Every structure is written in C-alpha cells, then in structure tokens.
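Attaching a single structure in structure tokens format; questions to follow.
In this document, chain identifiers A, B, C, D and E correspond to the written order of the chains, with residue numbering beginning at 1 in each.
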Amino acid sequence: MLEVTNIAKEFPTRTGTTRVVDDVTFTVGEREFFTIVGPSGAGKTTVLRCLTGLAKPTEGTVRFNGKKIVGPPPEFAVVFQDYARSLMAWFTVRRNVELPLRNLGLSAAERRERVDTALAQVGLSAAGSKYPWQLSGGMQQRVAIARAIAYRPQVLIMDEPFASVDAQTRADLEDLLLRVRDETDLALVFVTHDVDEAVYLSDRVAILSRSPSRIDEIVPIDLPAQRDQIGTKELPEFARLRAHVFSRIRAMVNTEPASAH
Amino acid sequence: GGPELTKTADGRTALRVGIIPTIDAAPLYLGVSEGIFAKHGLDVTVHVADSGAALIPATVKQENQIGYANVISDFQAAEQGLDIKLVHNCCGSGADPAKDVSQVLVKPDGPIRTVGDLAHANIAVNSLHNIGEVSIKMALEKRGVDVSGIRFTPMPFSDMNDALKRGDVDAIWQVEPNVQAALAAGFTPLISNFVEARPEATLGYYLTSGAFAKQNPQVVQAFSDAMDEANRFATEHPDKAREAVVTNLRFNPEIVSTANLPTYPQGLDRASAAEYATYAVKYGAIEKAPDLDGLF
Amino acid sequence: MNRRVLSALLGVVGAVATVAIWWLATENSASVYFPPLSRILETAQEHWLSAEGRADIASSIGNLLSGLVIGVVVGIVVGVALGQVPLLHRALSPSIEFVRAIPATALLPFAMMLFGLGTEMKVFLIALGCVWPVLLNALDGTRSLEPTLRDTASVYGITGVRRQLNVVLPAAAPRIASGIRVAIPLSLILTVTSEMVGSHQGIGFVIVDAQNTFRITDMWSGVLLLGVLGFALTWLFGVAEKLLLPWEKRAERAR
Amino acid sequence: MTAVHTARPTRPGWLLAAGTVVVLLVLEEVLTRTGVLPADYFPPVSQIVAALLPELAGAPLWLQLGQTLQGWFVALVLATALAVPLGLLLGTVWWARALTRPVVEFLRPVPSVALIPLVVLALGTGKQSELFLATFAAFWQLLVATTAGAGAVDQVTAEAARCYGLTRAQTLRWVALPSALPYLMTGIRVASATSLILVVTAEIIIGVPGLGAQISLNRAGGSPDLMYAYIIVTGLLGWLINTALAAGERRVLHWDAANRGPR
Amino acid sequence: MLEVTNIAKEFPTRTGTTRVVDDVTFTVGEREFFTIVGPSGAGKTTVLRCLTGLAKPTEGTVRFNGKKIVGPPPEFAVVFQDYARSLMAWFTVRRNVELPLRNLGLSAAERRERVDTALAQVGLSAAGSKYPWQLSGGMQQRVAIARAIAYRPQVLIMDEPFASVDAQTRADLEDLLLRVRDETDLALVFVTHDVDEAVYLSDRVAILSRSPSRIDEIVPIDLPAQRDQIGTKELPEFARLRAHVFSRIRAMVNTEPASAH
C-alpha cells in the first residue's frame, strides 16, 4: 500500500549539505499499525515529511498504491509534532476540525455530526467554541487528533501525538486509535518516544538509527490482535519486546558522540 | 469628435467654463448672475480648479468647453502641440501703475531696497518660466535693469509673505488680493510689473479646443459676445465684480474691498500677445515664437 | 533550475513584456499627453544623463535618503515604544491620526515655517510622510509579539535595550520590513512634492516644471526615472533585508 | 467570528487621549499668542475654532465633508477589493510574484500628482478622477501589505492545510487571508490616510467638490483661518476614520496575539 | 521559600468569566523537587504562570522568600510547555542559550563556558551553531532546557520539559536534573504527565483536580534521597506510590463530563 524505497534526505548548510536520512526502506500494508521509534533527532519527522509528500526525498521514492507521491494525497491525514502551530488561531476548535471536511462532499449535518463525534472521542465536547489559544497544550493536541480522525483518512500519520496528554487520557486515546483502525480499515504510521506505547499499539515497530539514519531493525509485534491496556501489557512477550526495543534505542543514544554523559 | 453639447429645456446651450480662483473670474460670475449668458443662449456653469495643470487637459478633452490660462501658459501649451484656440480676453492691466493688480514687494529693512537692487535678487513667483517671470523681466528691462542675474523661486502666493519675512527670498511677486495682505504686512512695493511691462495688455484668455471651435463656431461666437458684455458690465460695476468673487469664491471681503481690479478688456487682443511672445522667447519661457494665426 | 535564477528570469520576462506592450500601445500615439515610449526614452536619455540631469538626480537622492532614513528610524523607535506602552499609545494616537490625515501639500507651509526653504524642509516633509507606514507596522508588529516569547524575555530578565534589540525588533522585523517597502516609493513621491515649492533642482522640480509648461514627454521621462529609482531602491532594500533578517527566508524548511 | 474579549480602550484611556489633545491645543494657543509661532501663519486655535463654528452650522461644510468621505470610502473599498486577491495570489504563488515584481516596483513610486493632467484628460474633472488617483495610491500600499502577510503564513499551518487537501482557493481564503489579516489591517490604516490625502489633493488641484476645494478656495481668497479650519476638519475626519477602523480591527483580529487580552 | 496561598484564576469569556483554577495552596521548600500532575487541561500551566508572576492570580498570593511576586523574579528560570515558540528563530542555539546570561555580569569566557557545559549536558554540543528551526522537536526542547540550566536559577520551573524526547534521553535528562539540583541547591517546580517520572524525581507530588482545579492531594514521596533509574523503580514503595498517583488521575479523567467514553 505505502512503499518507502531507499529514501535519503539532505539539507543544505552553509558549507554544503548534511545528510539527515541516509537510507530508509519499509512498506506499510493495509490496516497495518506501523510505528517508528528512534532517538531524538534521528530523522523520524523527516521521514514522515517525505512520506506525506511535504518534503521531497533527495534520493529514493515513496509510493502509495503504486503511485509516486509528490504532494500530500487526499487519502492521508497528519497529526504534526508541532500541533500548536498546525491549528488555525483564527478559527474555533469546531471550525478547525470541520475545515478539512469541506472538500469531502458532505452535507452540513454530516459534517456537524463528524465533528461532534471526533470532539467527543478526544474528550473535548465542551471546548468546541473556544479558540485554540484558549486551550491547554494537551487540549490543543487533542484538537489536532480530532481533526485527523474526523477526516477519516485511509492513512493516518501521527508524529508523537500524545506527547502532551496525561497518562490516563493517553491510554484512552491509544485505545481510540485501535478502535478506529478496526472500524475504518485505516493504516497508521506512528512516531512515539514511549516504547510501551509503540509495542502496545503496533503490528510492526521500525527502529531508526541516529542521523544520518537507516532502519536499524523492524520488529514484528506478535501479540494477539485484540489489545488491552492491562492484559496485553502483562504478557511476557510484551515485556520481552519492550525490553528489546528499549535496549536498541539506548544503545544508539549512548553511542552518540555529543551525548549527555 | 468631442462630446455632444447639451441644451437646456428652454433651448440654451450648456457650457462648462473652467477657471482658477482669482479676481479675474469676476465677469464670468457676473455673466451668469446678471443673465448675460442666458441672453446669448448659453447656460454657463463655472468649474474652479487650483491650477492650469488640470484646466487645460479638461478643456482639450472638451469636458470644460471653455477654459482659462494666462498668455504665457497659452503659448507653452500651443508650443507643445495642444490643440487650443483663444476665444476672448479675460483680464489685463491698465495704464496706471498704482492700479496694477501685480506688484513686486520687498522687506523695508531687507537687502533689496531699490529697483536696481532687483538685478541680483531672488524673487518668489508662483510658477517658474511663466507670466510673473516674463513680466518682471520686461518691466525691469524697460527701467534699464540687467535681468540676467535674477533668480526666481517657485512657491504658492499664500506662502510668499512669510518666506519674505523669514528672508528665504529677497522679493516676492504678488497678485491681488494677496498684494493687499503683503502691503498690510508692511512690505514695500518696488515695481508694478504688469503695467510697467506693457500697459493695456491682455494677460489671460478664455480658450477652447481647436476641434470645439471648428465644430461650434456659433457657440464660441455667442460666448465671445457675452463676454464682451460681461467684461463691460464688470468694468462699469467694480463693486459688483468684487461682490461676485466674495459670494462665489468666498474671498475675504475686507481684503477684496481694497484690492485693485484688473481690466476686463473687450474682444481678443492680439497685439499685446505678440509683444509678450517676443519676450517669452527671449527669456526662455518658450523656444520659438508661437503661431499667433493658429492661436487666434 | 535554481529558484532564484528562475525568479530573476521571470522578472525580466515580466518587465520586457510590459515595456513591449507600452511601446506598441504608444508608438503611433499622436496624443500630447501619451507620447510614444521611444520618444520618452530619448528625452530621458538626453536630460537625465546630462550634467544638469545628474545634478538633479543627486540632489533628489540626497534628500530622499536622508528623509527616508530619518522616517524609518523615527518610525521604528516610536512604533516600538508605543507598542509596548499602551498608555502612551492611547494618549498620543488621536494626535497622530490627526496629523497623519493632513496632506503633505497642506503641511508645506508648516514645514517652511520651521525650516525655511532649504534642504531641511524637504527632508522634513519626506521623513514626515515615510514615518507613518513604518510606525504603524512597528507598532502593530510589537503589539502582536508572540506571547511565549514575551514571557521568555520576562522570565530571563531580558529587559531594556537588550530586550528591544534581541527580542522585540527581530520579532517585529517582518512587519517593519513591509512598512519600509511602503515607505520607499512614498519617499520618492514626497521628494516630488517637496520640490514643488522653493526649489530649482531635483527630479520633482523637473517633473512639476515640465507639467506646468506642458512638456509632457519630459514629465513622462521623470516618471520613468522615478519608477527605475523605486525599483532600484526596493531591490537594494531586499538585499539588505536578506542580510539583516537571514532567518526569515531560511526558516522555511528546505523541501 | 465574534469577539471573545477585546482590548477595548477603557474609560481612563479615552480621558487620557482627550487630555493629551487638549494639552496640545492649549500649547498651540499659548505659543501663537506669545508670538513663538507666527500668528498670521498659525492662527491661534481659538481663532480657527471661531472661524469654524459658523461653518459647522451651515449645510455646505457637511455637504463637502460628505463628498470627501464618499470619495475616501469608495477609493479604499476599490483598492482593497483589487489589492487583496492579487496580494494573496502574489504572496502564495512564487512565480506570479517573480513575474510581476519589477513592474509593481516600477509603478509604485509613480506620484499621483504627476498623473493629474493625464487623469483629467482621460477621466475628466469629476469624481472618477479623484477616485482613480486615490485608488491608485492606496492600491499599491495594500498590495504590499497583503503580499507580505500572505507570505508570512506559519509553515506548519500551511502544511496542515496541504495535508488535508484544501484547494488553492480554500487555502487562500481560510489560511492565507487570515494569516495576512494582521498585516492587511495595518495596511488598511496606512492606505486609509493615503486615500483621504489623495481625495483631498485631487479636490484641491482638480477642483472636485469636497473639503479640498474649500481649502484651496480659502487659501486663494485670503482667509487662512478658514483654510486651517478646513484642514482641521480633514484631520479630524482622519482621526475619526481611524478610530472606526481600529474598532473594526479589534473585532476582526480578536484572535491575534495583540488583542487576546490579559493572560 | 515559595508559598502559594489560595490562588484562583479566572479568564474572561463572552458571557462573563470561567474559573480555571479554583483554590490552590502549597509551598515549595529549599532544594525541594515539587511536581504537579493532573489531567490534561487541569490548570497546571496556569498555576505555573501565576507562580512565576507571568499571570496575575485572580485571588490569592504567591510569595517568594516572603516577598509577593508581581513579575518574574530574576532567580527563576522557566522551561515552557510551548518550547518551540520560546526559542528565538533569529538566533543560533548558542545565542539562544547565552542571551539570558548577559544580565548576570559574566565575562564572555564564563558565558561561553556555561553555554558549552549546558549544551553538552543535554547532548547538543554539535548543534550550537544551528538555528532552532533546523532542529528536531526533541532537540528544540533540549535547547530550552539547556537555556534554563545555564542560567543557574534558584528556582527552576519546568512544564512538561521532556515531552518530546526519547525514553533514553529522557532518563538521562531526569538524572541530569537531580544532579544539578544536588550541585546548585536548586528548587524545582515540575509538571509532567509521566507518573513514573513524577514519582522517580520528586520529593512531593501534588495532584491537581480537573478544572476549576484544587489540590486533590499532595503525596510525599518517601523514597531514598539518592535515586537511580533501575534501583529506585524496583522498590515496592515506588510501585505503590506510582499506582496511587495513577489511580487518582484516572479517577479524575474518568469522571470528566466530556470524557472520551
């Protein structure tokens, strides 16, 4: 469905270019929950930007259903890491969520219903008429999530979408994602720093090496399809996978030349 | 071409006449208020603009069928190929220097005290290369003053008194009603440049576009006839002339009451135009003598 | 091809097309007021390249730059100050708006009274006109300073001049730059206005004198020169802006 | 969009503003009375007010004021209607900007005053000429403001719009336009004064009826008091217009950091 | 040292005001690590803003060393939740970190040394000459942390400072904070969504109720002063405290009227 083939990304610098992503290849299948983890600054956001067509990879290609991606396909929705800036300060929360729906040929009532549902799903029913800058950080992030969900994309791309919400809300939102995936046959490409979350949610977890990044390993998560916050996390296999992923990331952070220690 | 003339209900031809806000406009207003234009089958409305820069193109476009410009501006416009035709004398100077509408004034305690001193003065005029400059030089030459060293500085009449007071300029050229204000400010008049340049000269003309004159000779003739009458009426009734500018142009009545009035001559004076043309060429306001046959 | 090279090329294409249209539209024009472009160019070359013409240009440019610089500096300083002291803003804004609405031509007598007829008066008029777009943009730009940045400055005790130079000015810089872009052509226009009175030299003088004596081709050549100068000044400003505000353009992530 | 809470000037704000004006007026009066400012050039305020009062009672002043106001309004609306769509386009489409930049930069410094004879020839001495001159001058200022504003869209916001498949028109309307609004509103206030100034200038020079024509007449007629009275009416008009614009701006830009109120 | 007494905060709305913080009282002692947790939108950021003097509480007072706080005291440093917007796009990373030091009367060499140290501590030695917008989200957040640490405040206030960094870097930064506290006698007021982190780091954890918020409970963390990522987290007391805090937050999220379920 989504094929990323040998992409590399360089940025211009004063003296030439820096290679930020060196060589990344993976595919995401239908209904797959694909997560990318890796140290801070590894190039996860950069890979996602190439994936959505927002950035042009210096080398390699990204294909969606066999077609090369050059700009964001209408089937995609994205939750940006910098969620606060992705919301429009001049629109209320409702309008922010509703805006992308305008092109889908929906009636006003359908749009209203979708917005209501999405806002309720992220726990923001009461905040619909507020402006983004009147919300807390976590609430803003949930607006961005609601916008993506209301859009009902085929591929949902999320860059650390739960970074600013509390643990309980986070767990609720995780389960929301899984439920939405099951209901709408969504594929997800997900970036997180929370290894538990990665293992809990995903079908496969790709570990990105430090920049210039390559895929260090793609870990298949062989946990029962039906996940559950308590049950799944108690499985020995969960602990094993979690420990494995964590140790890979730790290894990479600690070999970083300009490390904290 | 040119736009069609419109007629009023009682068959008079509507005519828009452009003018600048000076006392020169008095007969025009009198022509309207005294019914002189009506008598000649014309329905005149007066359009006031601040400068010839807007009046001449409006006349060429025949938006104003008749316009006004001083004699030097007329030459300059014609020289640049604007299709204009003079219709009637507007205003002029008499023969008595004391009654001139135009004076060159200096500060009593300033560097310039005599007419001879003006030879190296910096004189304020409203616009360079124009009638002020030409007539001042004409007047001074007739008094035997060398005019080659005079400098002229352009500024609006209303700013001149203060410029002289501050010493920005050595002398100012004022026309009525500002002459009165200048005299009231204590400035000394040195020359009456219009009268001294050429007594009994016509200084400004009503004009129209050549195309209009060709198409509507009767209208032009009617306007000319009416102006003969209006000018005569204004000459005979100076008080009404003063009143006309006070009511129509909202001139300050006190200042107008003491101001000298220009002459409002009959017909179309070609002789004085010829003399001004000679000097305009000499002083560089125009390059070569105008084709007076084309203009008149 | 490189975006910048392509941009420049497109600009040339646009300019050439415009000149071609102007040329073709007026080449056979008999109107005194709309002379053929070829004649205007000839006249322009004759006058502006002569010694007299160069002196006109030099004198105008001198006044223009002084006025523009004063206007921009005063505009930034006052705008930034008013933007941060709401009390001052409220106290002065009616007076400011009042002065702003008065045409430069109506202010000429005032300028003459203050400065006489010399260069100072012209510089004053130009500065007075240029100050407004810069001032208003600096004011509004300062007022809408990103709240988190404002908080950061307060928390780390970044105050006084340091705050102005390191936080407020850079944050308001894009707005100020847009104000300066408006001020540049305004300074040219006001140069013309200021030379209508009491002057014997300068681009504005030439234009007004040509207009008064119906030498319309000369007038057009002056207008042409103003256009060229406006383009040159804006281009120079663009270069300066890139040097002074490097983060602004580069902040767009390279794609 | 309704304002949630706007930083409306408070009562002390108004008092302060009025107080400053009064102080300045009194200062002028004192300076002219004591001869520091030349009185025949700068008539004392009291004298100007004395000249103005009878005018206020008569219909002509209000008629002229209406004429000028109408010219200002129509020109500003025209300029906005033309400049905003074009500015949004130029701000968001780089090649359109590149193509037109030299021409725009060339046209912007063309002084309206120099255009007056040409405009009179083409459009006559009526309201159209006044409107053309004022629109011409205001247009460029608004174009620059809108172009700069549309170019200042937050990059993440723009990308979000792209990802959610907003069409070009939708992006212009819902992303570029609101982002440009803070710039545009400043631009409108700059252009509003420009428009007013050119309307008045056209009235002075071409003789289109309005406040400018009165300034010109009173200057020619030797009534500086009245001339200043009309200049003052012009200034007051500018101030009033700006106050109205500022109030409108606070409503339109209530979401902008400048108007969010205390945190 | 820092006394927060009965503060309340209201924001104006169309129809009146909303009370966001109802009644919050606590004190933070010298060298104390004080953490506030609570559901998303509880009012944590609002409380911090009142604490620093950036916002004026509608009711109540905040005192620092007995003096009422009206504006940010020079002894405070803050890491904002909206870290990306708190960095100056026009300065390099180095200049961003150095700017606050200019008021401290340090020599250029001292300033350079402090900047170098702080950047090394957060693992960004190599990024000093980059601009913030050339960095990944996590790197930007670490720049904000470096700026606060280089300033050497008496009170360090941090609003979810590790939300965007990977698990390993997060652990490193946590230990960095503890070390800095021990070395410089710092007091910390900390907001986090990570309950493990809260318990691991803190001397006391305050749990904020849903908005309009009150202090639900202040939990003293009676763990050995010397913390250690593996040892401490294996203590039964750690597990107990963690479970306790988590259950309090969960209770509050789940009674939220406009909840996710």
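One rule holds for everything that comes next: contacts are C-beta pairs under 8 Å (C-beta built on N, C-alpha and C of every residue); 3 or more make two chains touch, one makes a residue touch a chain.
Please read all numbers here as calculations on a predicted model, not as lab measurements.
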Next item on the list: Determine the shortest chain-contact distance, in steps, between subunit C and subunit E.
Entry: 1
Notebook entry, point to check: Going only between touching chains, how few steps reach subunit C from subunit B?
Noted result: 1
Notebook entry, point to check: What are the two chains with the most C-beta pairs touching?
Noted result: C-D
Margin query: Quick check: how many Å separate the C-alpha centres of subunit A and subunit D?
Written below: 48
Notebook entry, point to check: Using CA atom averages as chain centres, what separation in Å is found between subunit B and subunit E?
Noted result: 82
Next item on the list: Round to the nearest whole Å and give the separation of the Cα centres of subunit A and subunit E.
Entry: 26
Item checked: Touching two or more other chains - residues of subunit B -> 51, 53, 56-57, 156, 158, 162
Check: Which subunit D residues sit where two or more other chains touch them?
Finding: 4, 38, 41, 116-118, 121, 155, 204, 256, 260, 263
Item checked: Multi-chain contact sites of subunit E, meaning residues that touch two or more partners -> 49, 54, 82, 85
Check: Which subunit A residues qualify as touching subunit E in the complex?
Finding: 11, 37-45, 81-82, 84-85, 120-127, 134-139, 142, 160, 163-170, 172-173, 176, 193-195, 246, 249-250, 253-254, 256-261
Check: For the complex, which residues does subunit C have touching subunit D?
Finding: 3, 6-8, 10-15, 18, 31, 33-34, 87, 90-95, 97-106, 109-110, 113, 132-133, 136-137, 140, 143-147, 174-175, 177-179, 181-182, 184-185, 188-189, 192-193, 196, 204, 207-208, 211, 216, 219, 222-223, 226-231, 234-235, 251-253
Check: Once bound in the complex, which stretches of subunit C touch subunit E?
Finding: 146, 148-149, 151-152, 154-159, 162, 166-167, 170-171, 173, 245, 247, 250-251, 253
Check: For subunit D, which residues are in contact with subunit A within the complex?
Finding: 1, 4, 154-157, 159-160, 162-167, 170, 174-175, 178, 181, 255-256, 260
Notebook entry, point to check: In their shared complex, at which residues does subunit B touch subunit D?
Noted result: 18, 20-22, 47-51, 53-54, 56-58, 60-61, 63-64, 156-158, 161-162, 165, 177-178, 180-181, 185, 245, 249-252, 255-256
